[in-house]
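Here come two complexes built around chain A, the first alongside chain B, the second alongside chain C.
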Partner chain A sequence: MSLISQSTAVIVMNVRSLPRRFWMSAAMVFASAVVVAILLAFLAMAKGFETTLQSAGSPDVAFFLRVSSGAELNSSMSNDQVNLLRNAPGIASDENGPLVSPELYVIVDGIKKSSQTKANIPLRGLGQQGIALRESFQLTQGRMFASGTNELIVGQSILNEFEGFELGSEIRSGKNSFTVVGIFTTGGNVFESELWADSRVIQNLYNRGSSYQSLRAKLTSPDNLEQIKAYIENDPRLNQDVQSEQSYFAEQGQGLSYMALFGRVISTIMALGALAGALNTMYTSVSDRSGEIATLRAIGFSHFSAFVGTMAEALVLAVIGGLVGSVAAFIFFDGLSAATLGGSFTQVVFQFELTTDLFIQGATLALIIGFLSGFFPAWRAARVPVIVAFQNGR
Partner chain B sequence: MSEEALFDLQGVAKKFVKGKEQITIFEDLNMQIAQGDFLAIMGPSGSGKTTLLNLLGGVDQPTSGEVSFEQKRIDKLSEGKLAEWRANNIGFIFQFYNLMPMLNAYRNVELPLLLTKLSGSERKKRVENALKLVGLADRAKHMPNEMSGGQQQRVAIARAVVSDPKLLLCDEPTGDLDRKTADEILETLQLLNTEFGKTIVMVTHDPSAAKYAKRTLHLDKGEFVTDPSANVA
Partner chain C sequence: MKDLYLIYKNLTRKKTRLFLTCFAIFIAFLIFGSITALKGALNSGVEMSADNRLITVNKINFTQPLPYSYVNKVKSIEGIKDVSHANWFGGFYQEPANQIVTMAVDPETYFTVYDDLVVPEEQLSQWKSNRRGVLVGERIAKTFNWQIGDTIPMSSNIFSNKDGTQTWQLQIDGIFRGENEKADTGYMVFHYKYFMETQTWGGDNIGWLIVTTTDASLNQQVSDAIDESFANSAAETETSTEAAFNKAFIEQIGNIGLIIFGVVFMAFFTILVVVGNTMVLAIRERTNEIAVLKTLGFSSPRIFKMILIESCMLSFIGGLLGLGAAFVIVQGASQELSRFLPNLVLDQSIVLQALGYMLLLGLVTGIVPAVRALRLNIISGFQGA
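Then we have the complex of A and B:
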């Protein structure tokens, strides 16, 4: 006897009989689709945020902050400290000297296009080498700001999400005003959620004297970080923490990793609800087909084929739901732009990102729903004595 | 037991427990069915006709006693072994046809052959022959709901005989049909018995149907009551 051929026949019959139970089957597909779509939405949000932060960080750029400050907004360092750090070992140089960028980080107001509400936007004062330390930088409109002027350039995400940052616009922040002279992209990472200007101008306008908040330095090798740490520890005038830029952004991203966790918790709770509905659908299916199951068993079909047929039906419905949910998530969420608070209480603009591994997670959830909702009804289908099923079938 | 006996039931008892009450269908049933027989079993509702058919078909087990088919006990077989035994030896014909509504006539008839190792072309040949035998060669692609009751029952007969079983078990095969169609179905069963040597056991309420059988047994309260020609132990 061929278990495969008889199981295939039962699967085909079950699937073909689905229209008889159209609405119940559709409900199971819908429940599975909603659960998968919601899971994917949360995961895409977390993934997009993570990518936006992590793709900004380079392993061979050292990032200095005052000890225990945690984020740029809370940090400060004097010009003397910057000069000491400039001479730290392992830092790359070019014809202009060490590749370092002492930077300032202040907040200006912006109005979100989507909600017309105020939100904090970071205005970064860059050192002369600041651009050279950001390899993904590309000016897409206008020109670079000129040193010593109230000019700034605007990240593409800020232009997209906030009002009034078009090329040539005047931006007011308190008593200060700036002119937008360029638009830049950094490949969608977190730097695109910033405004950039000359650090000395920012020092002057925001009364920072000669102090800075952070320092970036290009390393000749990522391995030089330990050497720099030792240099800082041996000089009592320095009170900076140093880590790679990549590691800094990874830490910043962890603050919002709750999104993925929250998505998984919500999806699990919803999956339990969907499972209850799916179990009902599958028990109804077994009851609806009991006469057919009995007939097949009487003819000589095995327990196994009755089990497999019901399992396959559950899996088919759940997987169809998973596909519908995945397509819906892709249509509605992939590439969707959103903004949320980053580590320095400023807005980080990011895009929802649906990747293959997220779709696999969605498909896995659909298969789990299908398996659990099919297993017990399938067990029932396989174990009901043929004679009892005959009586049910009449 | 005679040499040519296909079935042999010895001291068969069948009891159910319903609530606190025990219901006895058979106390001590003995019977033999010979190879090539066409046996009609009649009796009032609740007399045990269908239970007997289920015992013969291995879809129910006796509480005690022995059920043997070709000198081999089937009452002790596991569910899996019984399914295999049914596939090899039994063809069922039901009152309400029990066709798969989502399969056409051809696919319905093919079902028992999916349990065999026959090739696709061999299966096709057998299905076509079975449909031809019941006069439905031109209805192979019709769905059950596109056929009359009589045609559906003929498809069911084709399905029952397609794997060439030794025994056909018929549960009120004409109970849902008008007289003329019923007679056509019964003539087909008679043909299968006389021309193809199929052993047939048919449960029926209908005395006219029973006339097509070679012999008739009457059951009442779990016992065979009258039939002088019956081969009852």
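Then we have the complex of A and C:
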């Protein structure tokens, strides 16, 4: 008999004898499933957060903040500075002049539906050009705010996660009150976690005079950033950092990357614990089958087939576990909506996202557990002298 | 004595299995200890709050300022012991990534309302008289190895200094620590007046008020009185207890925390289930021997006890080692992470919880085979083999 057909016979035999060791086998499947599910949960969280922020940034929009302010909330710039930046080189323009959008960013309170607690929601002040810069912007209900009025439009995520932002509602913020006249979407990115109103109205109601906080400008080409940097450096009245909007949001999207790291550490430690359990299972399996193994070896089966048989059993169990874990993670976590504090100290609503890439990482982990937990017991199965095996399996 | 020897022999009959089982329990309690400490650290702001301390913020949101005049207006309200105030500075040291919580406060009253912070008398009076002085929390001073007398450049990601930079040169006049080791000392405070005079926007705004009441039972009355006195003004206020304020702040992080801790505790219980299963099966294998023991005249209750002791010992060996390792990790991490997570402590309540789970694991895994052994009929015990 060839090695292959020998091994196949042993594998089939081992797998079919699994029900005899049902509880031990189930424990191994369970352990491997939970380890994979935990890894996927953490990775899906970090991934979802990252996608929500990264998809908001455009490579051909320049984004200006005051030096070392790090986030829109902390930044400020005067109207004079805005006018100087408007004339910077490399900025696209249309019949109304340069395509720039000076914006304000203030925080208001909202009540989270899930916990009934207060949370910070960003209220962005911007104008027509600012809206034009968000290419994925679309009104889904109602209409645009009219300039100069206390009207605002609400991002879809805010509507979903927070109370009292339905079309027509009145929103109070201190002494001021706003009316919701529209609901918008920007394709699921972070702008949907915002309220938008006319920038002049915000300047007025929040005592900002004529100042702004950030500036966005459409570039004729993404390569123009260097030119603009030089322009700022040569003018002592300017103290802005400029980067592409894409790179700003990419940085902000790293906010939960520590979650992915934490998840990897936890699931690695967990995997060690699960591995110990799985090794126990496989050693038990070998000692349970020692009579069979001895018989097979006595009638001429090779060491190799005994090894492969045990190895295959371990891999099958771990892979079943990995599948169960992946399916469970998909059911419980994919699309799960969560809101947390982002880099600008405001709520970012995002969805857990399980991608193929993450499933592959989960499967790899299951295979590693299977391989390691199979290898040493399989080695023992292959090496135990026939006589000893018969004695043990008596 | 003989029983203990037997238990020892039973435990160590398969060294590999003993090692693997202990290791899995070790991992489970390692995770339990570290994660519970982490969870405690995140919630310690709530736990450490004084019960008579109130925080008054702008009703729009706590990032919006309040007029300075509110300090004196509030003082006259009945039931108030002391009033202080603070401004958020948005501080960082050298690199924007090195963020340090820095506040501009009123030097005369800040340590009166935070009377659970300890500053040596001479350092406090030196600081009060030095307008460029700063008092630094013990943990932050340790992190950067700062000594009294050092001048440190503190930058702001929000404000600009009138000298054209964004940096203030502050002199360390003292180091404060907490009465309780879990108190947060990962921040620094400097003079409000100096801050207002040197920053470009000027003005006389404060960030928030900190108020203590003469008695915690007056909290509700006082906070209503404060909010009512500013109702319908340009800056309405919202007053809550320090505990409620801190809790609301933590909840901003949102259900993420809930999900993480849920997932990790699920992991902990999974390991226990898997290990428990192995332990039960390991004893079940020995049905045959238990029958022998019974034949030799060992009483059923005695065997019952031996099995329970064995499973509990196994659980405690792995569990205590795991908890010990968690303690070492938490000690190490609390040095490294003191700036971000000031209150990482594996305290008594965590140890007690862990011991409870160890006992539970030992009893649950021991009880099934022990009861079987108790009931075991000698004849069927031999037949089963």
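By our rule, the second predicted complex is superposed on the first by the 393 of 394 C-alpha atoms of A that agree within 3 Å, B and C clash if a C-alpha of one lies under 4 Å from a C-alpha of the other, contacts with A are read in each partner's own complex, and residues count from 1 in each chain.
Everything below uses one rule, namely that a residue touches a chain if its C-beta (ideal position, glycine included) is under 8 Å from a C-beta of that chain, and two chains touch if they have at least 3 such contacts.
Since this is a predicted model, take the numbers as computed values, not measurements.
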Task: Clash-or-fit label for the pair chain B, chain C on chain A - done: fit
TODO: Go through the superposed model and pick first if A:H303 touches only chain B, second if only chain C, both, or neither.
DONE: first
Open item on the list: One more residue to check, A:N234. First (chain B), second (chain C), both or neither?
Closed with: neither
- [ ] Figure out whether A:S17 sits in contact with chain B (first) or chain C (second), or with both, or with neither.
- [x] first
- [ ] Would you sort A:T356 into first (chain B), second (chain C), both or neither based on which partner it touches?
- [x] neither
Task: Winner by number of chain A residues touched, once chain B and chain C are compared - done: C
Open item on the list: Quick check on the superposed pair: does A:I387 touch chain B, chain C, both, or neither? Answer first, second, both or neither.
Closed with: first
- [ ] Treating the CA centre of chain A as the corner point, state the angle out to chain B and chain C, nearest 10°.
- [x] 90
Open item on the list: Tell me the contact category for A:T295 with respect to chain B and chain C: first, second, both or neither.
Closed with: first
- [ ] Go through the superposed model and pick first if A:N96 touches only chain B, second if only chain C, both, or neither.
- [x] neither
TODO: Could you look at A:A9 and tell me whether it touches chain B, chain C, both or neither (first, second, both, neither)?
DONE: first
TODO: Between chain B and chain C, report the minimum C-alpha distance in the superposition, expressed in whole angstrom.
DONE: 15
Task: Touching both chain B and chain C, residues of chain A - done: none
- [ ] Mind listing the chain A positions that touch chain B in their complex?
- [x] 1-2, 5-6, 9, 13, 16-17, 291-292, 294-303, 385-387, 390, 393-394
Open item on the list: Please output the residues of chain B touching chain A within their complex, sorted ascending.
Closed with: 54, 57, 59-60, 79-80, 83-84, 86-88, 90, 92, 94, 96, 98, 100-103, 111-112, 114-117, 159
Task: Residue numbers on chain A that touch chain C, as the complex places them - done: 23-24, 26-28, 30-31, 34-35, 37-38, 41-42, 45, 67-71, 73-74, 76, 106-109, 112, 114-115, 117-120, 173-175, 206, 259, 262, 266, 269-270, 272-274, 276-277, 279-281, 283-284, 336, 338-341, 345, 347
- [ ] Give every residue of chain C touching chain A within the complex, in rising order.
- [x] 16-17, 20-21, 23-24, 26-28, 30-31, 58-61, 63-64, 90, 92, 96, 155, 157-158, 166, 232-236, 248, 251-256, 259-260, 263-264, 266-267, 270-271, 273-275, 277-278, 281
